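Presented sequentially are two complexes of subunit A, the first with subunit B as partner and the second with subunit C.
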Partner chain A sequence: MAQSETVSATDATKARKSELGRKLATVPANVWFVAIILLLVPTFTGDFVQYQVFGWSFVLGLISLSLMFLAGYGGMVSLVQMTVAAVAGYCVAIFGTSGVAEISMGWPWYLSVIAAILIATLFCVATGALAVRTEGIYTIMITLAIASAFFYFTRQNYTIFNGFTGFNGVLPPHLFGIDWRSPTAFYYLSLFWAAAGYFAVVYVSRTPFGLALQGVRDNPRRMAALGYSVNAHRIAAYAFAGVLAAVGGILLTWSNGQISPGTAAVGPVIDILVIAVIGGINTPIGPFIGALIYVVLRTYALDFLVALNLSGERFKLLVGLGFLIIVYWSPDGVCGLWNKFAPKLRLKRKENASTEGKTDV
Partner chain B sequence: MSEQSLKQDIGTEYALELRGVTKQFGALNALTDITMSIRPGERRAVLGSNGAGKTTLFNCITGDFPPTSGSVMFFGEDVTAFPAHERIRRGLRRTYQISLLFDGLTVRDNVYLACRGVSRGRFSMRRANGDDALMHAAENLIDIVHLDDVREATVSDLSYGQQRQLEIALALAGAPRLVLLDEPAAGLSPSERKDLVSILGRLPTHMGYVIIEHDMDVALRVADRVTMMHNGKIFKDGAPEEIENDPEVQALYLGGGHD
Partner chain C sequence: MRAFWKRHPIWSAILVAASFVLLWLIFAIWPPELVAVIGKKKVFVNALLNGITLGALYFLVASGFTLIFGLMRNVNLAHGSLYLLGGYIGYEVATLTGSWLLAFPAAFLSIACLGLVLQVLVFRHLDGQDLQQTLITIGISIVLADLMLWVWGGDFYQILAPEMLSGPVETFIQTGVKRSTGAPIFLKYPAVRLAILLAAVVIGLGMWLILNRTRIGMYVRAGVDDREMLSASGVRVQLVFICVFAFGAGLAGMAGVVGGTFQSMAPGEDTRFLLSSLVVVIVGGMGSIPGAALGALLVGLAEQFGSVYMPTYAVVLTFLIMVLVLAFRPQGLMGKG
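Up next, the complex of A and B:
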C-alpha cells in the first residue's frame, strides 16, 4: 500500500517533469527570440541604455502591469498603482536604511523588503475594498482621490515621510558581492522581476481565480448566481496587483536611490495608465511595450526638442500626442495594432510565396 | 408516512417558503404579498402573462435584488438578507430568461466556472489539469444537457437552442436542491422542447425545480403543481388538471397577454 503510493508519487513527479518539458517545447519561437535578445542586451549596449532605458522600462512596466491586470482581467481601472509602488518604496526607506538616519530604522534589507511588500499590498487591498463597490468612472475617481490624498499627506508629514524632500540614499543590498545598482546588475535584476511578473500574470489568467475574475468583469450578475462573491474576487485581484506594484516600487526606489512625494504625484500616477494604454491594456506584454515607448520618448525626445530649439519640457506633448494617436487608431494600444496588421503581413508573405494558380479565397 | 420520513430526513418541511414577498419598482407593484411554499423535490410550474411578475419573483428568491418587504426561507433558513452567492452555495440555482453566458469562453469553460463556483477553490491559483474532479463534473453536465458535440465551441458560435441548454447546465452544477428555470423552452423548436422535457424528466427526484413556462402543454408535462400569477399576485394554485380546467384560468389565458 505504502509502496504503491511512493511508486505513484514518483510517477507523478516524472509525469510533471515530462509535462514541464512538453510545455517548454510549446513555447513559441518568438518568445525564445525575445528572451535571448533581452538576455544579451547588456553585451551590446552601454550603461545608460541598460540602466536608464531598459531598467526603467522594466520597472515602470511592472507597475503598469499591475494596472493592466486589474483593468484588463478585472475591468477595474485603478489609478492607485503608482501610489502602492510608492508605499513600498517609502517602507524600504523607513524600515531599512537611508540618508535620513533620524527616521530610518535600519532593519536588514530582507525584513524591510518583506514588510514593504506586505504593507503596500494591504494598502492596495484597502483601496480595493473601497473601490470595488463602484463601477467605471467612479473607480477611476476614487482611486485617483486616494492617490492624491497620499501625495499631499506625504508632502506635509515630516515625522514619518520626511515631507517634501522624502528619503535619499535608499540603496539595494550588496548581495553576493554585487552592487545591484550598477547598470548591468540592475538591468538583470529588473528584467528578472519584470519577467516574473509577466509570467505570473499570464499563468494566473488561466487559473480558476483568473478565469473567475474575467467572469466577474464580463458578467458579475451571472457570477453571483454561480456562487461567486463578486466583491471578494475583485478585492483578491487588488491583492495580487498590489504585490506586483510593490515589487516595482521597491525597484523604482532602488534605481532612483530615493523616494519622495513626487514619485507618486498625480502626473506619474496617470503616466502609469498612459503606459498601459499605449502598450495595450488587455494583454500582459502591453505595459512593457508602453513603458519602453514612454521611456524612449522621455529620454530622447528631450534632446530632439532641444535640437529644434523647443523647450525640453515639451516631451510631455509628444507622449500626449502619441497617446492620442494610438488611442484613436487602436484602443488596444500598440499590441492591438500588431494584432491588426501582423496577420495581414503574414497573409501577404504567404500569398507571395504561394503559386499564382491558387485563386480561391 | 413517506412524506413524514422525507420531512425528517431533510429536517424541514419546505425547500422554499415565501412570506408576504412584495417588490416595488418606484410606483409599480411588480409583486404584491406573495406567499407560497415548495416542498423538497417538488416540481412546480409558474404561469402568467407578460409582466405578471414571474421573473421578478425569481430575482427576489435568488437575491439578484432584494424584495421591498417580506421574507424568503430556503430549507428553513431565512436568507432574505443574504447576497445571491450565499444562497447559491446553499443549493439554490437559476437560469435566466435572457441567456447570461460567458460569450468569449468555450462551453467547457462556462460549465467549469459554474462547477467551481459552488465548490471550494474559487480563488485557486493552480491551473486545472485533465484529471481535475471538477473538470469531470463539467464534462458530465455537458453530456446531460446534450452539448457533447460542441464542448470546445465558443459560446458566441452556439445556436440559440444550444445556448439555452448551456444555461441549464450552469444551473445544474454542484449539488442543487432547488433550481429556478426562467422560460427555458421559450424560442425552442418542437424537437428542442422535447429534448428539454426529457432532460428535466431525468433529473434526480430529490432535485426540485420551479419552471416558468408560457406553454401550457410543456408546463403541465413537467410539473406536479402549477401556480398561476397575474399582475404581481398569485391568481391560482393547484394540480395541473385543476388549473388546466379552471374556467377563470382559461378565460385569463385566452383573453389576455399570452403570445
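Up next, the complex of A and C:
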C-alpha cells in the first residue's frame, strides 16, 4: 500500500516534470535566444553599458510596462505611472535611510520597501478611482493634472518631501554581501524585476481577470450587461499597475541614489508614455524595446548630433520627431512595424525556398 | 436662471448670501476685529483682483482649448506650446515695431496659421482616432518646446506695456481712512491688469455672441452636440473644424502676448498653461465656454488666495477643487450630464 503510494507519487512528480518539460519545449527558440543573450550581456559589455544603458532601460521599461498594462489591456492611458513610481521612491527615502537625516525614519530596508509598494499602490488606486469616473480621452487629462499637482506639491513642501532638493543618498541595502548598486549586480537586479514584471503581465492578461479587463476595454456596456463590474475591474487594473510602477520607482531611486520633484516632472511623466508608444503599447515587450531605444538615443544622440553640427541639447527634438513619425505611421510602435513586415519576410523566404525547390526538381 | 432657482432653492440662497458677503467685504471698511482674524483689507482685495485677472488670462487660454475639444474631440496637448510661441512672436513684433497693440494681431494671425496648417495636414487625416490625435499633439508639444528653446533660449522675456497702461490707477474701492486728515484711501491697481480683464470680458462676450447669434456659431454648437448629423445635413464640417482650430489656436497665441505682458515668458510656461487649461476645463466642463469662464475664475481665485493665505499649499487648493468636482460632478460644473 505504502509502496504503491510512493510509486504513484513519483509518477506524479515525473508527470509534472514532463509537463514542465513540454511547456518549456513550447517556448519559441527566439525567446530562449533573447533570454540567454540578456543573461550573458555583462560578460561582454562594460560597466557603463550595463548600468546606464541596460539597467536604466529595464527600470524605465518596467514603469512604462505598468502604463502599457493599463492602456493596452484596460484602454486607460494613465499618465500618472511615473508619479506612482516617484511616490514609491519618496517612501523608500522617507521611511528608510537617506542623506536627509531629519526626515528619514531609518526603518530597515525590507519594511520601507514593503511600505513604499503599499503606499504607492494605494496612491495609484486612489487616482484610478478618480480617473475611472470619466471615459477614454478624459483619463489622459485627469491623470496629467494629478501628476503635475504631485510635482508642484513635492516642490513646495519641505516638511515631508524636502522641497526642491528632495532626498539624496538613498541606497539599496548590502544584501548577501553584494553591493546592489555595482553595475553588474544592478544589471541582474533590474533584469530580474523587469522579467518578473513582464511575465506577471503576460500571466495576468490570460487570467479570467485579464480577459474580463480586455472585455471591458472593448465594450464596457456589454460587460456591464453580462454582470461584470466595469469600475471594479478598472480599479483593480490600476492596483496591479501600481505595484509594477512602485517596484520600478524603487529601482529608479536606488539606481540614481536620489529622488527629487524633477523625477516626476511633466517631462518624465510624458516620457513614459513616449517610451510605451515608441515600443508598442499593445504588447508587454513593447515598453522594454521603447525604453532601450529611448535610453540609447538619450545616451548616444549627443555624438550623433555633434556630428551633424548641432548642439547636443537637441536630443528632445530627435525624440519628439521620432515619436511623431511612429505615432503617425505605426500606431503600434516598433512592435507594430515588426508585426507588419515579419510575415511578409517569412512569406518571401518561403517563396524563395519553394522556387529553389522547384529549380532543384 | 429662474429654472435654476426653482430646481435648487437652497443652493441659490447660499449663492446669493455669498455674493452679499463678498460685496460687503469689498465695499465696507473692515472693522478691526475682522482685520485681526484675516489680515488687512488691502491684501484681500488685491488677492481678489489678482485672482480675477489671472482667471481672465486662464480663460483666454482655456476657451480655445475647450472649443477645440468640444467640437473635434481633440485634446490638444500642444495648446500650451501655442500659447508660449504666441508670446514669443508677440515679443519679437513688439520690440521690432515698438507697438504693443500690433503684437496682438501678429500673434493671433501667425498662431492661427500654424493651427490651420496642423488641422489641414495632420488632424484631418486622423479624424475619429482620439488617442492617436492626442499622442500627435504630445509629439508636437515636445518638438515645439525644443525649437523654442533653440531659438529663444532659457531666458525670461517680458513684453513692455505702453506708457498709457504702465503704472497703477486709483480704483473706487476704499481700503481705509487716512488717520491724519480723515480722507478716504482708495486701492491702487496696475492699469495693465485692468485692461486685460476688460479685454477678456469683451472677448468672452464676443465669443458668446458669435456662438449664439451667428450662422457659424450655430454650426459649431450643432457640431459639439452631434457632428455626424451636422455633416449629414450638408454643412462642410471640415471647413468648420479648420475655422475653429485656427481660431482656438490664435486665441492661445494672443493670450501668450497677454501673459507675456503681465507675467513673463520662459521655457516651462507652456506646460504650466497647458495644465491650468486642463484643470479649468475639467472643473468647468469640457466643451463649454461659460464653463471655461467659471472654471478659470475659480482656478485663478484659488491660486491667488492660496498663495496669499496658505503659501505652501496653494497648488493643493487648486487640485482640491478639481478632485471635488470630479467626485461630485464628473462632467464638470457646466458640462452636459
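To be clear about the criterion, the second predicted complex is superposed on the first by the 334 of 361 C-alpha atoms of A that agree within 3 Å, B and C clash if a C-alpha of one lies under 4 Å from a C-alpha of the other, contacts with A are read in each partner's own complex, and residues count from 1 in each chain.
Here is the rule we use: a residue touches a chain if its C-beta (ideal position, glycine included) is under 8 Å from a C-beta of that chain, and two chains touch if they have at least 3 such contacts.
Bear in mind the structure is a predicted one, so any value in this text is a computation, not a measurement.
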Overlay done on subunit A, so just call it for subunit B and subunit C: clash or fit. fit
Considering only the touch criterion stated at the top, classify A:103 as touching first (subunit B), second (subunit C), both, or neither. neither
Once the shared chain is lined up, is A:211 touching subunit B (first), subunit C (second), both, or neither of them? first
Where does A:321 make contact in the superposed view: on subunit B (first), on subunit C (second), on both, or on neither? second
Can you tell me whether subunit B or subunit C touches more residues on subunit A? C
Just checking: does A:122 make contact with subunit B only, subunit C only, both, or neither of them? Give me first, second, both or neither. neither
Just subunit B (first), just subunit C (second), both, or neither: which does A:49 touch? neither
So after the superposition, what angle do subunit B and subunit C open up at subunit A's Cα centre, nearest 10 degrees? 80
Is A:152 contacted by the first partner subunit B, the second partner subunit C, both or neither? second
Tell me the contact category for A:133 with respect to subunit B and subunit C: first, second, both or neither. second
Could you grab the smallest C-alpha gap between subunit B and subunit C in the overlay, to the nearest Å? 12
Starting from the residues of subunit A touching subunit B, keep only those that also touch subunit C in the other complex, and list them. none
Along subunit B, where are the residues that touch subunit A in the complex? 62-64, 83-85, 88-89, 93-94, 96, 100-105, 109, 112-114, 116-118, 121-128, 170, 173-174
Counting only contacts in the complex, subunit A reaches subunit C at residues 77, 130, 133-134, 136-138, 140-142, 144-146, 148-149, 152-153, 156-158, 266, 270, 273-274, 277, 311, 313-314, 316-317, 319-321, 323-324, 327-328, 331
Residue numbers of subunit C touching subunit A in their complex, please. 73, 75, 77, 122, 129-132, 134-136, 138-140, 142-143, 145-147, 149-150, 271, 275, 278-279, 281-282, 286, 312-316, 318-319, 322-323, 326-327, 330
Quick one: in the complex, what on subunit A touches subunit B? 203-204, 206-209, 211-212, 214-215, 218-219, 221-230, 233, 236
